[in-house]
Structures are given as C-alpha cells and as structure tokens.
Amino acid sequence: MTTLGIVKRNIVRADRAATDRLAALGSATVHEAMGRVGLFKPYMRPIYAGAQVSGTAVTVLLHPGDNWMMHVVAEQIQPGDIVVAAITAECTDGYFGDLLATSFQARGARALIIDAGVRDVKTLKEMNFPVWSKAISSKGTIKATIGSVNIPVVCAGALVNPGDAIVADDDGVVVVPAEWVNKVADDAAAREANEGEKRAKLASGILGLDMYNMRGPLEKAGLKYID
Amino acid sequence: MTTLGIVKRNIVRADRAATDRLAALGSATVHEAMGRVGLFKPYMRPIYAGAQVSGTAVTVLLHPGDNWMMHVVAEQIQPGDIVVAAITAECTDGYFGDLLATSFQARGARALIIDAGVRDVKTLKEMNFPVWSKAISSKGTIKATIGSVNIPVVCAGALVNPGDAIVADDDGVVVVPAEWVNKVADDAAAREANEGEKRAKLASGILGLDMYNMRGPLEKAGLKYID
Amino acid sequence: MTTLGIVKRNIVRADRAATDRLAALGSATVHEAMGRVGLFKPYMRPIYAGAQVSGTAVTVLLHPGDNWMMHVVAEQIQPGDIVVAAITAECTDGYFGDLLATSFQARGARALIIDAGVRDVKTLKEMNFPVWSKAISSKGTIKATIGSVNIPVVCAGALVNPGDAIVADDDGVVVVPAEWVNKVADDAAAREANEGEKRAKLASGILGLDMYNMRGPLEKAGLKYID
Amino acid sequence: MTTLGIVKRNIVRADRAATDRLAALGSATVHEAMGRVGLFKPYMRPIYAGAQVSGTAVTVLLHPGDNWMMHVVAEQIQPGDIVVAAITAECTDGYFGDLLATSFQARGARALIIDAGVRDVKTLKEMNFPVWSKAISSKGTIKATIGSVNIPVVCAGALVNPGDAIVADDDGVVVVPAEWVNKVADDAAAREANEGEKRAKLASGILGLDMYNMRGPLEKAGLKYID
Amino acid sequence: MTTLGIVKRNIVRADRAATDRLAALGSATVHEAMGRVGLFKPYMRPIYAGAQVSGTAVTVLLHPGDNWMMHVVAEQIQPGDIVVAAITAECTDGYFGDLLATSFQARGARALIIDAGVRDVKTLKEMNFPVWSKAISSKGTIKATIGSVNIPVVCAGALVNPGDAIVADDDGVVVVPAEWVNKVADDAAAREANEGEKRAKLASGILGLDMYNMRGPLEKAGLKYID
Amino acid sequence: MTTLGIVKRNIVRADRAATDRLAALGSATVHEAMGRVGLFKPYMRPIYAGAQVSGTAVTVLLHPGDNWMMHVVAEQIQPGDIVVAAITAECTDGYFGDLLATSFQARGARALIIDAGVRDVKTLKEMNFPVWSKAISSKGTIKATIGSVNIPVVCAGALVNPGDAIVADDDGVVVVPAEWVNKVADDAAAREANEGEKRAKLASGILGLDMYNMRGPLEKAGLKYID
C-alpha cells in the first residue's frame, strides 16, 4: 500500500535537448512561460551565488535526520540529472557533504535540490557542485530508515515527478513537467528574444507606461494624478 | 499545456464508508497506519478546537490575494466533501468568510483546508463549519485571475489528488490516497483496537520498557545506567 | 529634532459615535469598506477569543525590553480609548500584566494593541481586558529609557496617528484614519446590511457564481470545464 | 566521552515544599523574582489554556524524529516531577500522545515540557495532563537511537539540570535552579503580597506615575509634555 | 476617502547635498545620530554585498502579486531618487527584474527598497543596480489592481514619506525625515569624526572600560569581579 | 542568588594545541566526532563566507538592546579566545561594530559568536574579524543594565561553559567541552584521515552502497527495486 521502500529504476526523462536549454533561459523566464506555476518556495536558496543549471529530476524521499537513501539514489543518477530530495517532515540537518557530492558528481549529477540542510559548503563550492537548500548545518544524519527513490515527491511546496525538468539559478528553482518541456523551452525562448528590444527602449528612457500602452487601462481603473 | 483555467467536473471519490470511518480514528492514528506519510505541515491549525472530520477532497488552486475560484469550486462540492485550497505563492489573506461558508455548507461541505488565511472566524465557529488554515486575517481578496478546480494540488507540503480522503482534527491534517482508503481505515482501526489494552496496562503502572520489551534492545544500543 | 521624549496631551479623537459603531461591524467588513488598507499584520492575535472592540487610539512608542512609557501613556487615556503600543525594534518581552491592566481599565481604556508580548494572560481574561499582541511571555521589562506618547507610530506594519479609530476582533486589527471614520462606518454598515439577503440566498443553495453573475466573466477569462 | 547513552538514576530534587509553592505564584512573578533569567523561549505554549503547575525536572535528550528515550525517562519519574524534553536538532514531530501520557501520569508526572511536537491533544486535555510544546503534529516517531536521561539539557533556550524546579502556566515556562528554590519562592511570595495593595490603588485611579514616584526621574530623563 | 489610486507628482525632496552625504556615513551611524529611530526591520537585506547608497524617496504602494504600479512610479523618478515599495499584505513574489531596473536606472534611480521579492538578481548585480528586499523569487506578478505613488507608506515597519532621505548599506536601511536631513548629516558626521581617535586608542589596547570611564558606573550598578 | 552581575576572571581554558587543531577539521567533522551534540542552531550564520576558526570561549550574558557588558568582556579576552555572547531574550539589535571589533582584536580575540545582531559588517570583513550571528542590523544598543561574564550561557540552543572550545566555519558553530577537546580532536582527525581514501573511491565511480556494504541491510529493511 505504501510508497515507502521503493526504488524505481526506469524512469522516463524529459527531452534532453529541451531540458538543457532551460538553464540559460533562467528560472524566472521559465516560470513565467509556464503560466506562473511550478515554483519551489523562495526559502530554497543556492549555497553559493552564480550557479545556473537545468537537468532531469531523480527524486528521493528521506526521513528527518536520516540520509540512508542518498546512497541509494546515487546509483540511479545518470549524466544530466539533478537530484531532488524531499523529507517527510521539516528538518534542517546536514544530509549531504563533500563525500556524497563526489559520488553524485562521478555519476554525472549536475546539482542537488534538498528541502533540508547540507554541509561542507566551502568544499562544495570548490568542487563546483551547486546545491539549493533550506538550511546549512554541521549536523550529520543517521542511516536507519528506508524511504523511496523516483516516486513523485513534494519538495519545498512543488510537486516533482521523476524525469521532470528542473531549472535553478540565483532567483530560485522551478520544475517543468516532462511532457511540457519542449513547449516551455520554446515559449521561454520567445519571451527572452522579445526582451532585448524592450531593454533597449527602456534604457533609452521610454517608459513602460508607454511601451506597454498602460495609460488608458490605468485611467480606466481609476488612477488619478494630483500635484 | 497549462493546468490553469481548468475545472474538472467528474472525479472519482474515495470510498464513502471507509472515508467516513477516518474521522473517529483521528489524524495521528491514520498517519501512523499509512507509514508516516501524507501529513500537512503542522502550521496548519484549526480555527477552533474540537472539530474532528473526514471527507473526500475537492481541490482548488488559487492565486495570492484572489479568491475568485472559491465560487467556482463551490459548485463542484458534493455532500461529504472537504475543500482543499492551495495557493500558487505564499499568502496570508482572508480568502474565506461566513458568506462562502454558508454556500459551502449548503452544498454539503464538511470543512475547508486552506494554505492561506480566513476571516469571520467567530461566525464560522457559531456555524459549526471547521477550517484548518495557515492564518487568520481580516484582509479580503479580489476576483481577477482564474485558477483551477479538481487538479492535483500541493497544500501545506502534501500532495492531494481530487477524490482523496482527508482527515483533520486538533492534531493536524492528513491525506489518504483514494485507492488506499479501505486498507488504511482497517489498519488504523486495528491499531486503535490495540490501544485500549495498552492504555490499561500503562495506567496500572506497567512501563512501556517492559510492555514493549525494550530493555534488551536499549542495552544492545549501548544505554548505560549510572547512579 | 527627534520625536523621542515627547508626550502630546491634546489630541483630536475620531468621532465617538462613528468609532463606537465599528466594533459590531467587525474588522473584516471595515477593512473591506476602506479599500483594503489599514490592516495590522496577521501575527497580531487576541490573547483570548471572542472580544470585539473599537475605540480611539492613544499611541505609545517603547524601546525593546523597557515599559516605562506604559505608565506615562496611562495618564493620557480617556474613556473609550484603545492603547496602541509600538516598539523601536522587534521584541517579545511581556510589557503588560494585570497591574497595568487595572490602571488602564480604571482610566477607561477598552483594549491594548501591542507589537510585543504581554503576561498575566489568565488574569487579563478574568478582568475582561482584551489584548492583541505578537507574543505572550513571562519576561518582564525594565524602566530605563524614555519613548513618546501620542506621536504617529507604526504598529505591526500599520501607521496609526493618535486619535485614529481602531477596530479589533478575532479576525485581527484595523486602523481607520480619524477623518474617514464616519464615511467608513456608513460604508461598512451598507455592506453589512447587504449581507443578510446574500446569506439567505446562499443558504438556499443558490451559487455565488449565479448570484454575482460570474459565469460570463470566468468564461471570458478562459475558464474551461472538462469531464 | 559523550553524554549520550546515559541514564542517571539518582538525582537531587529541589525542595518539594518550595517547589510546590511556585505554581500559584506563576511564571511571570517567579521569573521577576529571579532577576529575569531562566525563561524558556516564548514559542513554548500550553496545548490548552488554564493549566498552572510546578514540579521537579527529570530531563531527557532525544534525537529528531525518535522518541525511544521517552519510555526510558518514564521509569525515572517520581510523583511531583515534570519531564523536560530537549532535542539535538529542531523538530516538530509528535513525540508524545495519550499512551505515553497515561504512563507518565501513572508514575506521578505533573506535566511535560518538550521542545518539539505532541499529538492526541484533545485526549491530553480530557486526561488533564498539561503539556507545553513548540508544535502540535500528527506525525509519529521511530525508536532507533539512544539519547540520555537526567543530564543537563538545553530546552527552548533554557538550561535545565535534573532536579531543578519548573513552573509553567499560560504565560510560559521558567526553570529555577534547585539550590535557589527556597529563596526564589520567598522572594516571589513577597512580590505577590505586595501586589494586592498596588492593585487597589491603581483600580481607584491612582496612576503608576505617582504610586511609583516616576515623574521626577522621567523629567530628568528628558521627557517633555506638549499640547 | 481612500489613498488608493493616487499619483502625487510634485513632492518636496530632502536637501540634495545633505542626503548625498548620508551614504558614506552609513546606516548605523545615521540611525544612531537620529536617536535610534527610522530603521527598516532587519529582514530587509541587500541582494548583493557592498552597495552603499543614499537618496530621496519616491514611494509606491502595491497589492500582493501585482506590480502594475511599478511602471507608474518609474515616471515619477528623478535623478538621485530611491524607490521605496510597500505592499498592502505580506508577499514574497518577484515584483522587479532586469527590465524594470533598466527603466529605473535610465530615470536616474539609485536603488530599490521593497518589502517583497525581486528576481534577475544576477543581472541586477551586473547592472550595478542595488536592491534591498525581503525575498528573492522567480515568481512574476500580474498587472490588475491600482495602488498609489508618493503617499506615505509603511515599508518593513518604517514610515516613509515621499521626499524623505534613505540610506542603505550592508547593515540595513534607515529613513531620515526630509526636515531632519541636514541636522542628521551633521550629527552623524560629528560622530564619525570622533571615531578615528577612539579606534586608534582601542587598537593600542586601551579598553572601552577606561576610555569611556565605565568602571565606576558598573560598580555602582552592582557588578562584582570574582576569581 | 543570581548569576547576574558577576565577572569571573580566572577560567580554565581548553587545551590550546588541541583547540587550535579544530579549525582545520571543521565544524561538521568535529560535531560528528562528538556524537552529534554541541551544535548551535543553524540560524547562526557567518557575516562573510570563508572564515574557519577555533578558540577558547569567554562568555558574556547580555540583556536585549544593551551591550554594556561587551566592554566588560573585552578585558577578559586572552589571545586565542572566541567571545560567545548570549542574550536573556530574543533580540536582533546590532550589539557589535567596528570599534568593539578593534578592541577585541587588539586583545587577541579570534571571533565573536552572538545570538543577536551586529553591524559595520563591511568593515568587519575588511578587518578580517569573523562573526557568526543571528542577524545584521544598523540598530545600536544602550548601556544601562549589567549582565555577567564567564558564566555558563545558552547561545543559540547550545550550552557553553567558559573555557570550552569553539569551532566555527561556513557550516556553522560547534562547542566542545574543555575536558573533551583532546579526545575530540583526535577522533575528528581520525575521521578526516579516513576520508581521503573514501573520496578517491567515490570519485572513481564506486558507490557508497558498495563501499559501505549497505545493500544487505537495505534489503533486510525492506527496500524493493522495481522497473
């Protein structure tokens, strides 16, 4: 009956090429292109600034204070994956450090997204292995209880199915359902293409009020100017 | 591509009889019987103490500060349902008050679970309409943006599919996937049946250490008694 | 130059009759009638349920951990006033207990709104002296630093000028600028009058979708029904 | 080297008579009498209003998500004790419910103070077994890792040695070192005795400004009255 | 009656020269010179370290999840201004990104202070456009509801009138009322001038205890040295 | 009776050589070597990244909003010490800036750990004086109330006795009781020595599952692989 204690080995990953395009587009543009859904809560922050990645999700469900399943998920990583780790209750312990990062990196993982804490953050930065987490904590974990790998998980408020595309940068983390990834990448790219021209106009001093024709709607909504 | 702007009318609800048994078993026993998954985050609290309900979920996804879809979900309520409301971003506004409660109650709803705020809480208590929420707030909302009804939602960290069973009481809120509800109700009832005898033993002064035969395992784990 | 160390004795209080009408209308209806401004942050909660008051604000600005000015403000209280206490930095100490409440009540104060902690909450309830606060704490305060009385203060995110009307109930706290109080009371009463009929319709099973003619706008906004 | 895995059986408890006097004096007066130290952080709240207890501390140190040691501490309870439970990391799980409460109560425990969550709160109230906790949660715990009993612990920011006196009520929780308890009870009683007269004066309309002779010091501190 | 829907075009800005002096003095010294008022709550943090700015406030009041008025306020920016954005309820959405920053910068804005979230933070840093915010979030906003520009607002607990001076750096954000700015700049500069000599003494090993003649007052306050 | 108002001059410091070895071992390894106790709560964060220090604790207990005792503790600093500052209630004020840092550094202090706020953080970084704190805030403090120096304190949930060893880095802060420091340093070094080989294996693609022989225990615990 339960979904605990299961490791699903074969998952369908989102289209690789489309997934790989998401990193450069960025989490904000992708989120916008999806109709403003799929956001991880903003308490998820990168452990160091500047990383910008996308990849396919392998998921893991952990218990509070117990990182045993991190070793199980390591085996399921394929190059281009991002590990998404959810916890069955709130926890800030440091589930992940430089040894696990070495293993994940050797398997081809691009990043870890974890709704808990990590440690060895200075070394992780030197290794260039990016992590988005809820906390940083020296506290280690035990290995006593089994969870699951590659089941649907809720991580920081977002539903992630194994194989979904993940994009993460300094603005946050967004999940794109695997079946939408081509369309989202196209829509996001179209938005992006659009922005260069807008940026030039705004830089020249043209106002958004005029560029977006907002004056009429604002007046209609009741906006009044006084001196 | 998006899941926004959709109202699904026909959903498969969890078995009524099994769902109805969950209320008396309580959220803690049900959660235990499920293998400790399905919990809404503990910040979800009842607006008044003592309510104990179970029902089938109709879900609604709302935007921050906008309760338009609450009127849309009202029409999809059937007697015995519990409305589960998720928001696309964090918000504490008061989405729900006595007028909507009157409508929900008239449709046969048993409760509201909402990952945001509600208001008119004194009247809601007088009406005997229980709510579990993240906040209480006088602040009203607008009606400008559409969301969805009866899609899978993440509410307070829990994944809820329309038709799933919900159990809520003073200890919190738990979701039981529709396909598990009979087994979970049975397992929870078995646990419950078991507790009367244990309670009597403990009340007589017998220790859990002895009743559960913990002394050996504790010694083996290294526990030492000193004076 | 500073506003610290000042006690303003003569303040213009909001119209008494209009202010007194606000309690029964409630914070949610008043907030709505004002165009959804004037709300104290929802972390401000009553120390016991059921109180519903309105009154004119006398304000006090305190330092963290120092309640000296609470004795100064006591002298400025007139019957029908509500004391609004702001702190220059975040603090959860218990600034106010049964002795100060006895004094405030003797002066005619109807309530205290404080962006910090209070104590003796069991006695305050027995005395029927309602308080809305950020915290409850046994920790007392010192009397070492002066603040001010009856200057504009920011309390829980709301700007309160001395003499403004305050309405507080189980849903939260709202401030109404003194010059608006008659109009707001009228508008709120109009809203309230309107609600009885709506409630009856909704109770009979009529949907908000129909009562508010929402079906057209929702369709226009793109809402789709599926089976 | 470690303090984990130890159960200390013989502890020196604070003087019974003095400890028992603390409940009626209340946490706020006791805290004041101690010079404003010994406070548990104000996030520790009673699971139901109105309980007012004092007792001698037996302490337990638990791991996140693991309540095994709760059964070990049960055996060390003597009539008049209050169990103080600390956790090695932040956790909101429900470590304690009606079965453990039955056992604690049978052993003579007066209350539980726990820096985590509890469940079965409706039943706990019916049993009249008071708890002060950080959270309420349906989530249960496992029994896998040993901690310690009757070692010094930090609970909600307060250092508690086994045998110390604890006082808890609606205002919060305070620890009194065992060697201070007679003096603190006397000092707190003296404060309390003093308050009746003050209350009568304040109720008659006399201001604290005059009763405490504050006008001179306030003027000296620079307070200015304006009209 | 309401203050919503108003754009005030002509505001009196704080003295330019005095305002410009504040940046180098820093938020801590300015705050101290004002008598420790005017502080934005410390949850307001710079999106990148090292920026140190001062300027005159243009204010904007926004609704949760709606950034329409950001385009309206852009037109009211004059060189040397800092935009101060308040929200009518708590919100972490990303109201502001590189396009709006381009527009603000083209108008001469020096910074944005916003009691909500922003996005495109990597680009904002590259553009050298500093922001102090409550959150960083990929989530965009809609354009549906009007707010106001250049009315008094409460931002992160601080009251800001249009035209007030703002100083912001790695330590936080402080508002200086326009009519005080000359005096505050002078007082802060006097404090600053004073510090060089103190620093040299302290660096040489002289203790603050002696430099500030604290030994007597400390002894009088009851401080005791033991071995 | 009280512990307030006391300065203990002679304290026994942890072994210098062993204490100095802790910095390079890091807070995570040291915490692990101690059996996962001694952690400061993870909200304690460095004001700038990269510092890695260890030293002997001199402790100070402060009141909210009052940093008078920081000058008293300065005199008790010996080269190689780290100041650990606790507050009697929650406070985010800026207790410490560049002047005090100059004094602390002149006395030989290596760092400050404070359960409150600090300011002048840009200068502190330039001075290379590391601080771990709960907040950063421009708000200064007064000098009105005495606390104590070199008594046991609870700082961010950790009990620190004067003379204990402290290790702090980007992962957090850990306290090692003085009497354990040699053993902990040895145990931590043994762990560390062990890690190089493990890292090499993991980097070569060997899985933790195999390196730690986890496959059997996982199967025994019920883990199932599906396709």
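The first chain written gets the first letter, and so on, giving A, B, C, D, E and F; residue counts start at 1 in each chain.
Quick note on the criterion: a residue touches a chain if its C-beta (ideal position, glycine included) is under 8 Å from a C-beta of that chain, and two chains touch if they have at least 3 such contacts.
Being a predicted model, the structure only gives us computed values, none of them experimental.
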Chain F and chain C - chains in contact with each: D, E
Interface numbering overlap (same over half, different under half) for chain C and chain D: different
Rotation in the CA alignment of chain E with chain F, degrees, nearest 5: 120
Pair from B-C, C-F or B-E with over half of its contact pairs in common with A-E: B-C
Centroid distance [mean C-alpha coordinates] between chain D and chain A, Å: 42
Centre-of-Cα separation between chain E and chain C, whole angstrom: 27
Geometric centre distance via CA averages, chain D-chain B, whole Å: 31
Junction residues of chain A - those touching two or more other chains: 36, 39, 42, 63, 88-90, 92, 137, 139, 145
Chains that touch, pairwise: A-B, A-D, A-E, A-F, B-C, B-D, B-E, C-D, C-E, C-F, D-F, E-F
Footprint of chain D on chain C - complex, ascending: 5-10, 48, 68, 70-72, 74-75, 92, 94, 97-100, 102-103, 105-107, 117, 119-122, 135-140, 143, 145-146
Complex interface listing, chain F residues touching chain D: 1-4, 34-37, 39, 41-42, 88-90, 152, 154, 157-159, 180, 183-184
Chain F residues within the chain A interface of the complex: 26-28, 30-32, 36, 39, 42, 45, 49-50, 52, 169-174, 195, 198-199, 202-205, 207-209, 212, 214, 218, 221-227
Touching residues (chain side chain D, partner chain A) in the complex: 63-66, 88-93, 137, 139, 142, 144-145
